[in-house]
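By written order: A, B, C and D. Residues from 1 in each chain.
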Amino acid sequence: MKEIVPGDIARARIARRIASEFMGRDRTMIINLGVGIPTMVANFIRSDRIFIQAENGMMGVGPKAAEGEADSRLINAGREPVTETPGCSYFDSAASFGMIRGGHVDATVIGAFEVDQTGNIANWIIPNGRQLGVGGAMDLVSGAKQVVVAMRHNGSDGRPKLVKACSLPITGFHEADFVITELGVFRFIEGVLTLQEIAPEIDLTRLTELTEAPFVAAADIKVMDS
Amino acid sequence: MPDTSKIVSVKDAVAAIRSGDRIMVGSFGNAGYPENLVETMTASDLKDLTIISNDLGSPGIGLGKFLANGQIKALIGNYYNWNPDVARAYNAGEIDVCLVPQGSFAEAIRAAGVGIAAFFTPTAAGTVLGKDKETRDFNGRPHVLEHAIHADVALIKAYKADELGNLVYYKTARNFNPLMAMAATLTIAEVDDIVPVGSLDPECVVTPHLFVNMIIKKGEK
Amino acid sequence: MKEIVPGDIARARIARRIASEFMGRDRTMIINLGVGIPTMVANFIRSDRIFIQAENGMMGVGPKAAEGEADSRLINAGREPVTETPGCSYFDSAASFGMIRGGHVDATVIGAFEVDQTGNIANWIIPNGRQLGVGGAMDLVSGAKQVVVAMRHNGSDGRPKLVKACSLPITGFHEADFVITELGVFRFIEGVLTLQEIAPEIDLTRLTELTEAPFVAAADIKVMDS
Amino acid sequence: MPDTSKIVSVKDAVAAIRSGDRIMVGSFGNAGYPENLVETMTASDLKDLTIISNDLGSPGIGLGKFLANGQIKALIGNYYNWNPDVARAYNAGEIDVCLVPQGSFAEAIRAAGVGIAAFFTPTAAGTVLGKDKETRDFNGRPHVLEHAIHADVALIKAYKADELGNLVYYKTARNFNPLMAMAATLTIAEVDDIVPVGSLDPECVVTPHLFVNMIIKKGEK
């Protein structure tokens, strides 16, 4: 199947759209970024009001460390060497998850295998005997004030990832607030999956075909920045 | 300084507090007590307050002023023997008082801050202070279930804040302050000094800035 | 009633005996001292292996601050201005009681109104309507590895404080390990209140008259240092 | 230096560990991992170990060596995707694995250290990882009861120790180390440097010395 939006462009579009979501808010934002597309969100943030928390014990994570300046003791939760920002701080893992569980992190950006129409998220395991790990996924989706799912609209086999009901083990129930793919910006508004923006490459009919979960289009639906 | 400064006047800070609010106040005796915030509140019309603090200072001094002024509806704390006015007001039916052992009190405030709903502790099991609490044995020892203690507002005393709101404390004036900073909807920190971002050692920040909503400088109006 | 041992001497004797108990142990000791006689224990400690923890958030409490050098922000749990020792540290109240509840404090020295023959301690309130406070008493007796009760042998009215059953509200059940008065050193050995040392001023008959709780005398009973 | 020094050789430290022990090891990936202690243990006859750690390094690297050596009976942790040997050994029935969400894992270790028997957290409620756990609603939201996680031995990596055993850490190498330092019967700290008593700022000590039983200096035998 030919991709409507090529992978590199899709990933950058998703990350950029999420960054602009946060930059559009008129207040300080504390955000936590998962591995993959979520980590790329940092590349598009231009704001001194947005601070990145890493669950392995850092507030104020800076850009990835340059080649030759990496310190294996200064890493993000994806084990990548990072840098400090002015005003950063370090703490232990219980304090870090205290911030998350206590509702002090404004948003977590995570990848997902599936999100269903009730906002359930499956992103921690594909039961195939090869994975054995949950990390902070369950703490993050249940603790962060907002959960922003950053994912490709369809799997590599074309299968929709926005589904009626998750088939994989659930990470958190009814926790998704935003689902941002390369084809659309979806938001759960009072529990209803609502399309707020649509990619310029497609129309509503085509998007509906590519999406298993039923959704409504917002009255003021916009075209997503390409 | 970031474009969304948290630094406000003490007047603006206190204006965000409502009668009937649950207010946490850091301190142990008078160590680590946010003097300007308390002075301004005790000069205000705020009433029906629930004050959540270790103690209530001394009669008419420190937090004791809230009681002298009749601004208190209830107290949650652990040690009021330094202020005999509290027992007097309680016996007269003027205020409610809920005593929680000091360690359980500290842990329950932390629990609220870190999203733990309740926890089992051996402290007070079987005693008068544990008698209305769910009790369960762990490792053959009775434990009581203590629930998280939240507040609407936390009044914090710190030594220094940077302009983002990272806080460090001074010696035993730390006490409950870092815990309460996490446990309230609105956290207001009164500090001796405000320093530029980058001045505090990232390894030594005690309260990271995300917990702090407003900063006032001690002695400024 | 004439006191067998005058108050000042009694208090100093109790404090000194407790200090020597700790100094006699061949390892580092972390101790917490309550107000009154327990605080005086510090005056008799001559050891760099004994460290004083204050539950208001300090490890390594030094002597009382000299007149003119007191800082109201550096106090012990009795609100007295104190000093630092080399290697001291500060922490919040949850961390402090974590040390206590977690069993990391080797001994707490406390006063008491009553201790009974089962080791129950009543030291937090006399229900007379004038007191309203528990402080850290319950946490300390249930958390510290050893509980050392430092108290006068009898009340000012002559009433024994080592009783058959506490009449006052209990602070902790079966928590007392040592009871040290000016008239004797008692230890709970496998639940049995055992007299290990007796003051030079009295004999066993007289001590038994002054003590409501039944106790046994140790085979190797010694005379207490006066 | 005090007359009861905690500073020992890595050999003497490891001699205090027994086969069958529950061993906590600090680290997140390879950040904050007590290399000498682990090297010495993996060169020993110790077996049937329960390793309590965030992850298990990479195949044959870091904590992964314990598994490559067949020294592990069980794992308690949260993320083994960096080391696929773990899933393989688990599927083959060679080891037990207990997965606890990372935040609950950290909190359960802290709980053991501070004498809390169990706590209610919303994390994992209703999921596969919460299904065998007692579940109760607080504020209309399901929570699971997580029990404290204790160990016989904690292997800690710190940046500096003073001669009493006060510890400070280095950036994100802090992670689980200060928590585990509180949660074991025997705590052994491996440090980059040992400094005289009084060298560390009392406001910045992360692990007070009472939690530390033995200190070894990195790179020394």
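Everything below uses one rule, namely that contacts are C-beta pairs under 8 Å (C-beta built on N, C-alpha and C of every residue); 3 or more make two chains touch, one makes a residue touch a chain.
Because the structure is a prediction, the values reported are computed rather than measured.
Looking at chain A and chain B, the chains in contact with each of them are D.
When the C-beta pairs in contact are tallied for A-D and for C-D, the bigger tally goes to A-D. The greatest centre-to-centre distance from chain C, using averaged C-alpha positions, is reached by A. Taking each chain's centre as the mean of its C-alpha atoms, chain B lies 30 Å from chain C. Work out the mean CA point of chain C and of chain D, and you get 35 Å between them. With each centre defined as the average position of its C-alpha atoms, the distance from chain A to chain C rounds to 56 Å. Within chain D, residues 107, 110, 114-116, 121-122, 169-171, 202-203, 206 each touch two or more of the remaining chains. Among the residues of chain A, those in touch with two or more other chains are 90-91, 94, 97-98, 100-101, 143. Every pair of chains that touch is listed here: A-B, A-D, B-C, B-D, C-D. Those residues of chain B lying in contact with chain D across their complex are 107, 111, 114-122, 138-139, 143, 147, 168-171, 201-204. Those residues of chain A that touch chain B in the shared complex are 26-28, 30, 48-49, 51, 53, 59-60, 84, 86-91, 94-95, 97-105, 143.
The touching residues of chain C, when paired with chain B in their complex, are 54-58, 71-77, 79, 90-94, 96-98, 100-101, 129-139, 142-143, 169-173. Interface of chain D with chain A (complex): residues 28-32, 54-55, 78-82, 84, 86-87, 90-91, 97, 99, 101-104, 106-107, 109-110, 121-129, 169-179, 206. By the touch criterion given at the top, residues 2-4, 110, 112-116, 162-164, 166, 182, 197-198, 200, 202-203, 205, 208-211 of chain D touch chain C in their complex.
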